[in-house]
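Would you mind keeping the following structure in view while I ask a few things?
By written order: A, B, C, D, E and F. Residues from 1 in each chain.
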Amino acid sequence: MKVIEMIIKPFKLDEVKDALIEIGVQGMTVTEVKGFGRQKGHKETYRGTEYTIEFVPKVKVEVAVPDGLVPKVVETIARAAKTGTIGDGKIFVRDLQNVVRIRTGETGEQAL
Amino acid sequence: MTVSRLYRVAILSVFVWALLFAPASGLWAQEAPVAVPPAASAQEVVPAQPVVAAPAATPAPVPPPKVDTGDTAWVLTSSALVLAMTVPGLAIFYGGMVRRKNALNTILQCFVVACLIGVQWVLWGYSLAFGPDKAHLIGGLEWLGLNGVGGDPNADYAATIPHQAFMVFQLMFAVITPALITGAFAERMKFSAFVVFILLWATLIYDPLAHWVWAVGGWMRNLGALDFAGGTVVHISSGVAGLACALVFGKRLGYGTERMSPHNLPLTVIGAGLLWVGWFGFNAGSAVASNALATSAFVVTNTAAAAAALAWMVAEWVYHGRPTALGAASGAVAGLVAITPASGFVGPVSSIWIGVGAGVLCYIAVVMKNRLGYDDALDAFGIHGVGGTWGALATGLFASKAVNSAGADGLFFGNPAQFGIQAVAVLGSWIFAFVGTYLILKVVDMTMGLRVTDDEERAGLDQSQHNEAAYS
Amino acid sequence: MTVSRLYRVAILSVFVWALLFAPASGLWAQEAPVAVPPAASAQEVVPAQPVVAAPAATPAPVPPPKVDTGDTAWVLTSSALVLAMTVPGLAIFYGGMVRRKNALNTILQCFVVACLIGVQWVLWGYSLAFGPDKAHLIGGLEWLGLNGVGGDPNADYAATIPHQAFMVFQLMFAVITPALITGAFAERMKFSAFVVFILLWATLIYDPLAHWVWAVGGWMRNLGALDFAGGTVVHISSGVAGLACALVFGKRLGYGTERMSPHNLPLTVIGAGLLWVGWFGFNAGSAVASNALATSAFVVTNTAAAAAALAWMVAEWVYHGRPTALGAASGAVAGLVAITPASGFVGPVSSIWIGVGAGVLCYIAVVMKNRLGYDDALDAFGIHGVGGTWGALATGLFASKAVNSAGADGLFFGNPAQFGIQAVAVLGSWIFAFVGTYLILKVVDMTMGLRVTDDEERAGLDQSQHNEAAYS
Amino acid sequence: MTVSRLYRVAILSVFVWALLFAPASGLWAQEAPVAVPPAASAQEVVPAQPVVAAPAATPAPVPPPKVDTGDTAWVLTSSALVLAMTVPGLAIFYGGMVRRKNALNTILQCFVVACLIGVQWVLWGYSLAFGPDKAHLIGGLEWLGLNGVGGDPNADYAATIPHQAFMVFQLMFAVITPALITGAFAERMKFSAFVVFILLWATLIYDPLAHWVWAVGGWMRNLGALDFAGGTVVHISSGVAGLACALVFGKRLGYGTERMSPHNLPLTVIGAGLLWVGWFGFNAGSAVASNALATSAFVVTNTAAAAAALAWMVAEWVYHGRPTALGAASGAVAGLVAITPASGFVGPVSSIWIGVGAGVLCYIAVVMKNRLGYDDALDAFGIHGVGGTWGALATGLFASKAVNSAGADGLFFGNPAQFGIQAVAVLGSWIFAFVGTYLILKVVDMTMGLRVTDDEERAGLDQSQHNEAAYS
Amino acid sequence: MKVIEMIIKPFKLDEVKDALIEIGVQGMTVTEVKGFGRQKGHKETYRGTEYTIEFVPKVKVEVAVPDGLVPKVVETIARAAKTGTIGDGKIFVRDLQNVVRIRTGETGEQAL
Amino acid sequence: MKVIEMIIKPFKLDEVKDALIEIGVQGMTVTEVKGFGRQKGHKETYRGTEYTIEFVPKVKVEVAVPDGLVPKVVETIARAAKTGTIGDGKIFVRDLQNVVRIRTGETGEQAL
């Protein structure tokens, strides 16, 4: 199993979610994060004091999927999250040793 | 959100209406006259309001103007209350309803309107609106920079308070009116264009309209239209201007697909509370005296707000199964809007009907907006345009000379003509506000552009227009 | 939180007390009479308050009622201030103290009370409370729909302002009283049951009690009980009703195990600030005139609030090592509660003692609650029940005819009987409010159910009752 | 942030200035007298303000003091408004500007000042400030515990309202002044030291200064310095005290490296709105009557606030490319500060210049602070010190007897001497406030320590001083 | 070493924390997240506009533990976080290459 | 590739960010978290009710880097985030299977 973790633009969340549901993903977890990459931040000024804000608001989405589904999921995300402008974000694919569904106690792929 | 549910609300409301009307006639008959009987003291007979007394009602012997400390205290207090309606009231009522990234821009727009008009009114606005009449259309420039507007009363407008007190009370009205429009174009207007638009709108739309309705010599006032505290001048004008804005600006990016729920509803409810409290200054202060008429206006203001909030919540309960806090706040404001023109002319039981009508009609208007598809972001038109129109017409239904002998009777009190007069005033205001606003917007759009870029809109106006963040 | 620390607070407070008392007698003697000397102008001798003048104090020659603009301005202003206490004041004072998921429901409850009573009072509430007396127990139905309540003064209640001004001022009291109760059942009541409960409680508890204490003919008023601005009617009744609610509802899910800390204390402190400011209208407005008595009430109101906030903070400092913002806010409110019945009868130095007593006693009450184990979520009883009881009794200790010649002397001014009278009034209010509330709750529970389901409570009332979220 | 941009602002402002001045002389000439002409009714000729009438202006025949209901209503209303400036106004204006971890401490400081002074003023503060004069320097102890301060007017200070009304109005000034200082040492002061500092400062700095400027016999009053509503007593004293605090405390940890942006700007803007609204009580209430002078003060107050907010925003726009919400709020407050001493002596057009000057000068002061490197956290000095100084001097420029015959003419109206008198008063206040504050701070620092530990500062004062969290 | 990551109902946090401390876990990191799985979301309505909120507030807890402790930790969480109703959440077990304690510079299992 | 995840004191974020940029890191993702470790929490009291707050506010920073850069990154963080007092936090090093840059579709180390 793998965890696919993506950092995307916040207003793309609903589109990505819908695209993933369509290909059979049954759960996901979303975190509000701030990111820093090629995309420049911006300045803020308060009574003459300027701050450079390098971090841009982003959304992190984590989906645990069986190995077989990985390519399809990655490709789906890459399509749904793309605007073609800087700051579109990244997809990270990471190993997942085991999963347990707390309600039923199921483990492994059944628990996804 | 089926159409059939909408019908249910409409039917329900007609039903409730009918139910209330039956006993109503009886109750109305009992309504105690709150305003002065003919034999009352001279001071109180002075038409309490710059507004729109039927010409014949002007009493013959006016006492020489002298400042009354009680009246002055009430008008100063009212002026402070009406400023509190805009800053911070309306600012946070609107500010809580937008998304987090636009919170400051929305709040700032109201704040800046108070600043711009605060100077504009003193320099030329008051003179255009209330200065010596020119052709029943506009005030002259005689009072530029408040020249001649001093500490002595001006008996034309308020015989017992300093002229400047009347001026500053009216200033607060001139402030809130353009501020109300900002709800329509929230979350997408360039700040520089906003400043220019407000100055133009105040000078070209508000000042003339205030003159027509309230100034000695204004044509709507001469017509005999009743507008105690600004149903046409304030609410129809701003609401209809809002409609024009919504149409010219088009929708916000992501409208209909992204979630655009209010970012901070407690802020909105506080704002609604301040609007409610401040509205006592708005309506009861419009008596420009501290007397029975002011008291009556105070009472019906509260009653209409309460009834309208309840009506909106009931409509929601029927239509989508739950009453909401935003609904209660919106309903109260709708009721306050609707009672505004009527507040010096109707009794407490009438004010319940006016409130119920406002709650239901504005709710329907707001729901319909989603069907019709224009993006009046914070419902400037849905609440102020629709509520103001209902209120101005309802004044023609429910007005009673038993309440204010300087007013007129409405349709339900045997004078159908008044309803016709009100309809003319409504129509005139609609046309003037809509066409005028449309033209101003087009001119500003062509010269400097109205709308922020897509990137700026997505990043939020706080960041793109002000380099600030509301929270951190 | 050892018991010994609690003792320390108690001892400390007794000590402070004693310390203050010693010089006090001297200072009291010096207290300048703020109220009218016998020879003052007729207008001012009119018993300034509907409230509870010792019967003998009624002055012989009453001038024919005439509206005074200054008095009217002050009462209208006060009415606006008292509405601001509930909406937005109390709404956010309470709203900030609950968990995020219940913020809107809590705020909305106060808002809806203002709407419900805003209509109820006009239709039947005022008539029940202040209408022509029936058997010293209730007002008649003669004033239904404000029939006969118009612009002329009603000399029984306020000889110098329009009768409707008195009515609308009292309306704001009728609004805040049930709103105070909502603190007791916060975070767990069904919204539909809430609406029914409020209407029943206002009609069956508040209206009669207001009649007993304030209306011409009411039995407590006849008894000679002093209650200038509502210690019994407003605070004991709502606080004790809150106790009944806490007992009937039981604890919130997770009480004692989950963290239930306030979600937004700045909101709560703003609310406390608005309560403080609005309370000037509440107490000084209860003079129903703009005179020396109103001024005196204004001064003692501020002083008691300040002293009580300091006392609460000192108690916290001693008892758990740190003064808190919530403590300061709570203490100020406790002081305002306690000075309410006394505000027209005591001088500034007395008001310091009343405030200190309120701060310490209410702090102890709130800490004890955690021992006793009932879940009065926002301390409606701990602050209004306890503070109101203390204030009503303290009026019997500190009242002085040097302050208000239409009042009475208290125990410390040589008249122990007054303390007894106050105790009777307190007891009567306690019993009536507790039993009445209990019965109403049981009836509502059996017919429609009082409490949300566990799932609804866990999801939060904003979501489950209103389909809304406070923040997004 | 190059120096050259700063010059651009300075040049721009001079230019705007010049531009405005040219036509100004013409406009001024037209300014209608708002205050009473010599022949007006006796009551109005009574110097409306405890403040600083040129000695010669005292009118000969004073009517016997009698309470006027309208004047009393306005002063009570004003007192409530001025309390609202501090609690909740200033509390959240400041509270929104600090970091989340210090929000409650900042809010609480303002709240606690209201409590401390609420008791201090009644017990000894009022007597020191306004009690019978001793050597032109301080009031006697005759009025301790408000002994002798009752319901009858004191003709020295306000002939038409109860003496206690004047006292409580002044109390609110005594509250807000030390509260303003808290902006300078925000986010780093020990709470216990804070309590001690406030009591000392109020007693040793504020009370004497108020005596000098406002009390009968005070040396600055005798000098003929004009200060209608507290430019020296309130704003210079608190602002300069703030400067002393900033220097003694040193910088906050992480100043210049960590981000210290405001955590909740909507809160700050609401606070600014409440300050604006409340300031009508502050300035127009300082007429201690409800008359033409109060009205005039009301009008110029609003105008100056509006003009200053616009000026600040324009300066920002030029200097860093964007106007901000915090800038608008700060500018409005700067304008309100500057108009304070002038509000009873200048006309509306003059108030525009005063406002523009305040907006630009305070903006420059705030930007310069970053250069000079002291950490006046919330700009108590930058706004109140600089704005108050500008306002006091500007009074010497723009004052006109056409506006207030009991005042004096300023430099621009042919009386350069007045500017000199104002400069002396400014200098005196500066020196007294700076030296006095410095000494008090040193004493407190040596006895109990002023500043929290580094760990406490990093954890935040809410946690370390109060065991609380603002939000959860 | 492993990182055990769980998504649980927010009101279960204290119970889970106490249970983990009891079996010797010495540190953990908590993040507020929004989740989406079998559990239905809810509707929100604002002035007649309805939004479907699919994401439900959850809490993510991460605990780094030596390999030996993994079964016990998983079992403890599964017990403490369980209510038996939908939305109880999931436990993810993932590899951890190395740990450094910043204060002391210790690495590996000592650093846990 | 590896993901280096650190839990640090919030006021150290800017210092760590600058240090990482200096050694060539081109992107990172930041999350606000609450942590629990050796560092004691504190008490809060509301109207006489006391709560023990075990969790202290922390910041989690994630950086994906090529394997070669790992030691340098770890060492840099350890230096920049250190105050020497309790609660300085931890650095976790974890495997990363693959990365995709959404905007360009690049994968693997190029995508970092």
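Here is the rule we go by: contacts are C-beta pairs under 8 Å (C-beta built on N, C-alpha and C of every residue); 3 or more make two chains touch, one makes a residue touch a chain.
Remember, it's a predicted structure, so these values are computed and weren't measured experimentally.
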(request) Quickly list, by label, the chains bordering both chain A and chain C. (result) B, D, E, F
(message) Just to be sure I understand the contacts, which chains border both chain F and chain D?
(response) A, C
(message) Of the chain pairs A-B and A-D, which one is connected by the greater count of C-beta contacts?
(response) A-D
(request) Tell me whether chain A and chain F, two copies of the same sequence, contact each other through the same residue numbers or different ones, using over half shared as the line for same. (result) different
(request) Could you grab the centroid distance between chain B and chain C? Build each centroid from C-alpha atoms only and quote it in angstrom. (result) 34
(message) From the mean C-alpha coordinate of chain D to that of chain E, what's the distance rounded to whole Å?
(response) 53
(message) What's the distance between the Cα centroids of chain C and chain E, rounded to whole Å?
(response) 47
(request) For chain B, write out the residues touching at least two other chains, lowest number first. (result) 68-71, 73-74, 77, 259, 261-262, 264, 290, 320, 322, 324, 326, 467-469
(message) Going by the contact rule already set, what residues in chain F reach two or more other chains?
(response) 31, 44-46, 94-95
(request) By the touch definition up top, name every chain pair that qualifies. (result) A-B, A-D, A-E, A-F, B-C, B-D, B-E, C-D, C-E, C-F, D-F, E-F
(message) Per the contact definition, I'd like the list of chain A residues that touch chain D in the complex.
(response) 44-51
(request) Report the residues of chain B in contact with chain E in the complex, numbered from low to high. (result) 1, 259-262, 316, 319-320, 322, 324, 326-327, 330, 363, 366-367, 369-370, 379
(request) Mind listing the chain D positions that touch chain C in their complex? (result) 66-74, 76-77, 79-80, 83-84, 87-89, 91-92, 95, 103-105, 107-108, 111-112, 114-119, 122, 144-152, 161-162, 164-165, 167-168, 171, 191, 264, 267, 270, 290, 462, 465-472
(message) Under the stated contact criterion, what part of chain B meets chain A in this complex?
(response) 254, 257-259, 458-459, 463, 467-469
(message) Help me check something: in the complex, which residues belonging to chain E touch chain A?
(response) 2, 6-8, 31-38, 54-55, 58, 60, 74, 77-78, 81-95
